[in-house]
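Single-structure report; data block below.
To keep things simple, chains are lettered A, B and C as they appear, and every chain counts its residues starting from 1.
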Amino acid sequence: MTAGAIRTQRPSARQRAVSERARKGLGRRRAVNGVMLVVLATAAVVTVLPLVFILFHLVAKGATSLDIAFFTHMPKPVGEAGGGMANAIVGTLIVIGLAMAFGLPVGVGAGLYLAENRGAWLANSVRFLSDVLNGLPSIVMGIFAWQFLVRPVGHFSALSGGVALGAMMIPMIARTTEEMVRTVPASLREAALALGYARWRTGLTIVLRTASAGIVTGVLVSLARVAGETAPLLFTAFGNQFWSTSITQPIAALPLQIFNYAISPYDDWHRLAWAGALVLIALILVISIVARVATRARFDTGSGD
Amino acid sequence: MSGSSVSPAVLMADNGPGTVVRIHGRHIGDRVYRGAITFFAICVPLLVALVAWEIAVAGWPTFRHFGLSFLTSSDWDPVKERFGAAPAIYGTLVSSAIALVIATPLAVGVSVFLSEFAPRWMRQPVGFLVDLLAAIPSVVYGLWGIFVLLPLLRDPVMPFLRDTLKLGSTPFFSGPAYGPSMLAAGLILAIMVLPYIASVSREVLLAVPRAQREAALALGATRWEAIWRAVLPYAKSGIIGGIILGLGRALGETMAVTMLIGNRQEISASLLAPGYTMASLIANEFSEASSDAHLSALMAVGFTLLVITIIVNAIARWLVWRVGGGAASKPL
Amino acid sequence: MSDQRTRLVAESLDAWFGSIHAVHGISLPVPEGSVVAIIGPSGCGKSTFLRCLNRMHETVPTGRVSGRVLLDGRNIYDSGVNPIAVRKHIGMVFQRPTPFPTMSIRDNVAAGLRVMDGHVSRRETDEIVESALRRAALWDEVKDRLGASALALSGGQQQRLCIARALATSPRVLLLDEPTASLDPASTQSVEQLVRELRGEVTIIIVTHNMQQAARISDRTAFFLAGDLVEVAPTEALFTSPSDPRTEAYITGRFG
């Protein structure tokens, strides 16, 4: 080629062959792209399918058994028609109430500590072990609670079940509290301190109040999770065929009742199990919705212009 | 008028030179507050230590008596007081493996679809539906499994796999198929574990910087090629972390598995045969544990499960954390 | 100055952030009822110095103070002195408005009253809130919506709210840290007007970036540079005939 001259040349045979191959290859590559799109979309559909099926069956098989009697009556002995799960519904409410009584203060307190002592050695260990606690299988929490609270006392109790569930709530509440408290700007704390607020007062009244919406959400979300747990209750609350609201006695709970009825050989009880499952899901749904509404309501302080 | 009484007149008051400025005092309030939150914080490691301790102590007699054979022997006989947890350990690992094999492609597939291909408006609702899978309690999965999944497996699925696809000639699908089986347990576990893998994958994929995708696309790659060559390798360790997180969940699942696995102490190669997992073993036999030895053996199983779960979860957290903090920050 | 009482005196005040020496041995007397402005380029330590006067500097993790600050003759840094009590007697307004987001306008103003020794009745609280809001020139704008969230106010209104909040506890000394830095001219004007009205009743120390503002509202002005107090004098004297060449350089805009 002569230097200094730029000439456009006709593509050589080799160049033509390469671009021809590229054009054909592009078609193939585009086909692959299309196939993958379909495959992935299928994956999405298949993933959501079980959810649809489960909800469908729950409603189909459970809704018909839901009447007032279900909510107000006790379970009937085998063979007799009717009966309900009143004791289990109340029992669940009591047990998750106990769980909150135990898990909430520890979770919020730990969360406050973590937020105020960021890099401290103890804070990092607590954060790490909180994750460990979160990952412990629920059956392990159950046998722990049995060993620690049932065995020495000699009998099952609602309290031991509440403690097992409460312990499972702690990591999430602590994490949410820490995150929410961190979002409170330092300038707010400073303003309170400059007014003569003590640190404890600043933490509890100013910081916690500002972060409360998010914390409430975290508490309710973790509550929704433990409300459906069965394994920790198997050897703690144990279940109770009779009406009992005592926290030092065994107590019925929805998940336990559903389990017992489901594995029984009686059709009647199967029917009740479906109904119970529907109620349980509804309860979890209600708690989740309240969590979301509670967050929004906080910010709607009256404008009154 | 003391310096600290408050009335409108005081706003303009002249606090004269004789006014006592009460500026001395103690701050107990702060000390109590700090003590209280430190106490609550310490409760967390205390609780973990307590759980491990109580179970270890209760299970120790079994470990001491049987030693390592506890983990390797298949002989579980409460009457003769011989305890080998191998079938249960085997079952836990196999059912979890099945779950991961099924759930991973689906979960990663959904996540890739949502973050790369699907129109923006789809992300929230479909993502929400996938997350909803995690909200369904284990016992409800078990209930549905017993009355919907098992009949479905018994006829037509299992006969189809064994006879029509001729998979019955392999050891993995041989033998009678009544329904309750490792396969059933693996399937339900797959559904339960899917949302966890999907959630982590979604976060990790969204965290991949746009520049990666754009660079690939600018070079003329198709959408899929950009994902396969540029995005997925970047997100790989995070996604693997999510998979291991799902593994951690699968290992500890109790209720749904108990209701679907058949609860038989047997190591069988066939997926169509019933089996056992550590969690369902405890759930089934704990209430009727006849002797102290039996109880201790179950506690030993619990301790084994505890240790395995802690290790697996630690690996998962480390992997996800390595990719970039955010994805690991939301416990499910 | 000798016949005026000094409400607040800083004596050889040093302040550190860890190992960074931000304030170098400053002594500054503040006569009662006067308005003292502190001017100087960014980073010269004026805000840090101000925060030492109500023991706020030590709330920062690496903050350390040495020296004395006498409030009506009593050293607030004496051992045994509760810093919380000190802060109840000295009010502070920050650069950015910091209303408490979960409280109403009324509760924001009354926030300081909650921690005062002795109980304040509801009626007294309402009277004080109204008084404070009037002085902060905010009453007319909010009197019909005292229960509304403080966040509904504009930036200028929020800052005036913070001033009302500081005034509600009738502090002897008011510390203002660049209070009009983020405000529009109208709000700035009302804040300056307030400072003029308070002169004589409340001792005010105001840190400001704005020399004209210092010239408008203060009796005495102190010029800080790199942690040192270069010069302090009656305002007019400082601005018309500064004795230190560095002061002159700053005032004439050669740096800053």
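Rule of thumb we're sticking to: contacts are C-beta pairs under 8 Å (C-beta built on N, C-alpha and C of every residue); 3 or more make two chains touch, one makes a residue touch a chain.
Everything quoted here is computed from the prediction, not taken from an experiment.
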item	value
Chain pair bearing the highest count of C-beta contacts	A-B
Closest chain to the centre of mass proxy, which here is the mean CA position	A
For chain A paired with chain B, centre-to-centre distance based on mean C-alpha positions, whole Å	12
Centre distance in Å when chain B and chain C are each reduced to the mean of their C-alpha atoms	54
Distance from chain C to chain A - Cα centre to Cα centre, in angstrom	48
Residues of chain A whose C-beta touches two or more other chains	198, 201
Multi-chain contact sites of chain C, meaning residues that touch two or more partners	84-85, 89, 116, 169
Multi-partner residues of chain B (each touching 2 or more other chains)	27
Contact set on chain A toward chain B in their complex	29-30, 32-33, 36-37, 39-44, 46-48, 50-51, 53-54, 57-58, 61, 105-106, 108-110, 112-114, 116, 122-123, 125-126, 129-141, 143-144, 146-148, 167, 170-172, 174-175, 179, 198-201, 203-204, 224-225, 227-231, 234-235, 255, 258-259, 262-263, 270, 273-274, 277, 280-281, 284, 288
Sites on chain B touched by chain A in the complex	27, 29-30, 32-34, 36-45, 47-48, 50-51, 54-55, 58, 105-107, 109-110, 112-114, 117-118, 126, 129-130, 132-133, 135-144, 146-148, 191, 194, 198, 222-225, 248, 251-255, 259, 279, 282-283, 286-287, 298-299, 302, 305-306, 309-310, 313-314, 317, 329, 331
Residue numbers on chain C that touch chain A, as the complex places them	54, 56, 59, 84-85, 87-89, 91-92, 94, 96, 98, 100-102, 104, 111-112, 115-116, 144-145, 147-149, 151-152, 162, 165-166, 169
Residue numbers on chain A that touch chain C, as the complex places them	185, 187-188, 190-198, 201, 206, 209-210, 212, 298, 301-305
